[in-house]
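Sharing a structure here in C-alpha cells format.
Chains: A, B, C and D, in written order; residue numbering restarts at 1 for each.
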Amino acid sequence: MNYEDIRQTAYDTNMQLPKLGLVLFTFGNVSAADRQAGVFAIKPSGVPYEELSPEKMVIVDFDGKIVEGSLRPSSDTNTHAVLYKYWEKIGGIVHTHSTYATAWAQSHRDIPIFGTTHADHLTVDVPCAPPMNDAMIEGDYEYQTGFQIMDCFKEKGLSYEEVEMVLVGNHAPFTWGKTAEKAVYNSAVLEAVAQMALLTEQINPQAPRLKDSLIKKHFERKHGPNSYYGQ
Amino acid sequence: MNYEDIRQTAYDTNMQLPKLGLVLFTFGNVSAADRQAGVFAIKPSGVPYEELSPEKMVIVDFDGKIVEGSLRPSSDTNTHAVLYKYWEKIGGIVHTHSTYATAWAQSHRDIPIFGTTHADHLTVDVPCAPPMNDAMIEGDYEYQTGFQIMDCFKEKGLSYEEVEMVLVGNHAPFTWGKTAEKAVYNSAVLEAVAQMALLTEQINPQAPRLKDSLIKKHFERKHGPNSYYGQ
Amino acid sequence: MNYEDIRQTAYDTNMQLPKLGLVLFTFGNVSAADRQAGVFAIKPSGVPYEELSPEKMVIVDFDGKIVEGSLRPSSDTNTHAVLYKYWEKIGGIVHTHSTYATAWAQSHRDIPIFGTTHADHLTVDVPCAPPMNDAMIEGDYEYQTGFQIMDCFKEKGLSYEEVEMVLVGNHAPFTWGKTAEKAVYNSAVLEAVAQMALLTEQINPQAPRLKDSLIKKHFERKHGPNSYYGQ
Amino acid sequence: MNYEDIRQTAYDTNMQLPKLGLVLFTFGNVSAADRQAGVFAIKPSGVPYEELSPEKMVIVDFDGKIVEGSLRPSSDTNTHAVLYKYWEKIGGIVHTHSTYATAWAQSHRDIPIFGTTHADHLTVDVPCAPPMNDAMIEGDYEYQTGFQIMDCFKEKGLSYEEVEMVLVGNHAPFTWGKTAEKAVYNSAVLEAVAQMALLTEQINPQAPRLKDSLIKKHFERKHGPNSYYGQ
C-alpha cells in the first residue's frame, strides 16, 4: 500500500469527528497531506464512518486529480486541493457541519472574540466568508469555495498560519493546521467557541469584545517565542 | 414467520430511533412496507424499545387492517397506512417527537432554508401542515392526519418524492423515504436542521434564506442526474 | 429484611434518575409507598447513587416518622409524607432539579400546553405553585411544601389523579403516580415538555396554545375508557 | 514517590473533569494542597487527561516555585498558589472553561440567585470579578488573577469559606473548597446553576431573585449548626 502514513492519519482523524460530536452521518471529512509527494489522503464520499479503513482513503494531488483509490473522494475534495496548493504550510484540513459553527455561518456573522477560550487560539473574530456570486457557484463550486476562503483572508488581512479556521457563509466551517490532528483539534475548539459566543450574547446583548491586552496575553501564553503553555 | 424481511427492517429501524436520540420512551415509530404484498410492518403500540423483536412487529395493510400479529399496532398506524396508499413510492415512514422538530411544529412555522445542510436534502422550507379542523380531529384522527399532510403538499405544490419530511402543526414530525432506513435518516437530518435554524435566528434575527443558486447547487450535488456525492 | 418490595422499588427507581439525565450528584429522590402498611421507602439523604442499595432505603410513615433504617432519610421526606397522607391513590413520588423543569419553576410560570406531547399526558398547563409565605418557610418547611402543592391544586381546580406533576416556584418539580415507576416516567416527560415549551416560545413568541379538540383527542388516545394506546 | 497523597488526589480529581463534561481537551486543571508541607499538586500543562498519572502531577509551593516534578505545571499555577497562600483554609482549587459558566464570565455578569439549587450552595449571586487593568495583565498575569479574585471578594464583602466559586470576567470560572473533591463538586454545581439561570431569564426576563427567607432556609438545610441534609 502506498502513502501508508497519510492514509492512516486521514483514517484516524476522520474517526475523531464522530467521537468529538462534530458530525452527523457523513457530514464531514478530514484530509492529511504529504507535502513531499504533493498529494493528500481524504475520506471517500458518503461512506459511513463505521465502514472506513485506511485502505479506503483516496489519494489526490493538489490539482484535485485522483492519484490512487477506487472510491470517489469527498465531494469537497477540490476545496481541500486548492487550499493545499496555495497555503503551503497546511498539513491537514477538516470540514464539518458542526451545530453551532454552522449556525454562525448561516447567520453570516463573524464570531466575536468574547473571551480567553477564543484568544487562546486566535487573536481576531472567527471570519465568515460571504457566499459566492452566482457565476462562481454555477462554475467549479468546490474549487471556487477554496478561492472564496482565500479572498476573505486577503480582504481582512489575515494570515492562514495564525487563523486556522473560517466559516463559509450559508454553508459551514473549514479548519486546518500544520497536521490533520491539529485541524481536528481546531474544529472542536471552533464549535466550543461558537456555542459560548451565542450564549454570551443571550446573557448580555451588550457583552464587550475582549480587550487587546487580554487577547495578546492569552495568545502569547500558548503561542510565540515566550509561550509557557504545554510541555 | 411471514413477512420476515419487513419485520426485520421495521425492527432494525425502530431500534435506530433511541440510538440517534430521536425518542424518549416510546414516543416514535417506524414502519417498513412490502409493496408487492400490499402491507407494512409497524411497531406495536407502547412497547418499550428494549422489549421489541422482529416477531412483535405488526403486519397491517394499506387500509389500516391488521393482517398478522397479536399485539395492537402503533396508535399512529392509520397515518402510515394512508400515506402508503396514496404516495405509492414510499417504502418506509417514521414518526417521532424529536425535540427541535417538535418545537417548530408547536410553533406553527415552516423551517426556513438557511444553509447547505438543509439544501443537501431538500430545496424548500420544511413544510408545517396546519392543525386539522375540529371535525377531522373528532373523526378518524390518525387517518385524517395523513390527509392533512397530503393536502399541505398539494397546497404548497410539493412532491413527496422530493420533500421527504413534514411537521404537523402542534404535533410533531413525520418523515418517509424509498426505504425505512432512508426515512430514519431523514428524521435525524430534520432534527439537525431544525436545531440549526433555531440557533441561526437567535444569532441573527435577520438571517437571509439561502439563495437559489446555492440551493440548486447543493441539492444537485447529492441528487439528480449529475450528482457527484457518494459512491 | 422488612418491606423488601418497596425497598427494591425505591432503589430501582432512584437508580433510573441518573440514567435518564434528571439529576446531578444527589439532587433528587424517589419514594415508593406500601399503602397496606402505611409506609414508604425513600432514598437516604445525600448518599451518592452509586453507593445506594435496597437495604439503605429508609422506611418512613405518612406522618414522616422513621419506621426502619439507620440512615437519615432525604431532607424532602416530609413533602413526600404529606402528599401520601392526603392524596390517597399515590404510590410513588419523585423530586428532581432537572434542568428545564427547574428553569420554569424559577421563572414562576406554568408551562403552556403547546402540543400533543404535552396533551398525551395532561390536559392543562403544568401548574407552578407560588413560593410559600415567610411564616411557612420558617416553620416546618418540607411539610408546608406539601400543603403548598395541594393548595395550588385546590385553587386551580386540578385533580392529582389527572395531573401528576407540579413545579414549586423558585424551587423545582415534583411528580407522582400510581407507582414509583410511573412517577419517574412523569419526571422525564415533564423535562421533555419543559424543554420543548421553551424552544417553542423562542421560535414563535406568539405560539398558540393547543386547541381543545386536540387536547381532548390526544389525552383520550392514551387515557380513559376508549383509549387505544399501548397493549 | 513523595507527596503521594496529594498526587493521587490531584490525579483523581483532574480525571473527574472530563467525566463531568466540564472540559474540552486540556481546558481545565485541579490542584490539591498539603497544608502541613506547604505545597500543592497540580496538573502538568497541556497534557491530555488520558495520558495523566499521579507521577506526572507537579508539586509546587505557595509562592509558585516548583518543588518536585519534571513537567511544567499548568499555566494557571500562580493563580492557584496565590489563593492557597492568602486563603488559608482552602484544600483544593479547580479551573475550567465549562460552557455556561464561561458564557456568564464573558458576559461580565454575576449569576443571579434564582432558585434553591443555587441557595443550597451559596446565599448570594455568583460573583463575577471584572477584567484586570492593562498593567496587571502585562505583569505577572496569573499571579494578578489571584489578587483580582481576592479583591472582588473584599469589595463585595464575601467570605471565601462561604462562597466557593467566582467568575473571572472575559475568562472563566474558578472554584475551591476544603478539599479538591469539594472544589470539583462546586465546578459542576456552578455549571448547572449557570445553565438554569440563563434558561430562567429566557423563560421570564422579569424572573425575581429568590427571596431572603428561602435563601436562608435552603442554605441552612445543608450548612450550619442545624443542617439536616446528608448523613
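Heads up, the rule we're going with is that a contact is a pair of C-beta atoms (placed from the backbone, for glycine too) under 8 Å apart; a residue touches a chain by one contact, two chains touch by 3 or more.
Not measured: the values here are computed from a predicted model.
J.: Both subunit B and subunit C are touched by which chains?
T.: Intersection of subunit B and subunit C contact lists gives nothing.
J.: Hey, which chain ends up farthest from subunit A, C-alpha centres compared?
T.: That would be chain C.
J.: Over half shared or under half: which fits the residue numbers at the contact of copies subunit C and subunit D, same or different?
T.: Different-residue interface.
J.: If I superpose subunit A onto subunit D using their CA atoms, what angle of rotation comes out, to the nearest 5 degrees?
T.: Nearest-5 rotation angle for the superposition: 90 degrees.
J.: List the centre-to-centre spacing of subunit A and subunit B in whole Å, with centres computed as mean CA coordinates.
T.: 33
J.: Go ahead and note the Å separation of the Cα centroids belonging to subunit A and subunit C.
T.: Whole-Å distance between the two chain centres: 46.
J.: When you check subunit D against every other chain, which residues touch at least two of them?
T.: Residue numbers touching two or more other chains: 202.
J.: Make each chain a node and each touching pair an edge, then name the shape: line, ring, star, complete, other.
T.: Shape = ring; chains linked end to end, path closes on itself.
J.: Mind giving me all the chain pairs that touch?
T.: All touching pairs, sorted by chain label, are A-B, A-D, B-C, C-D.
J.: Please output the residues of subunit B touching subunit C within their complex, sorted ascending.
T.: Within the complex, subunit B contacts subunit C at residues 24-25, 27, 44-47, 71-72, 75, 97, 99-100, 102-109, 131, 134, 137-138, 141, 170-172, 198, 201-202.
J.: Show me the residue ranges of subunit B that touch subunit A in the complex, using the header's touch definition.
T.: That would be residues 114-117, 185, 188-189, 192, 195-197, 199-200, 202-204, 207-208, 210-211, 213-214, 217, 221, 228-231 of subunit B.
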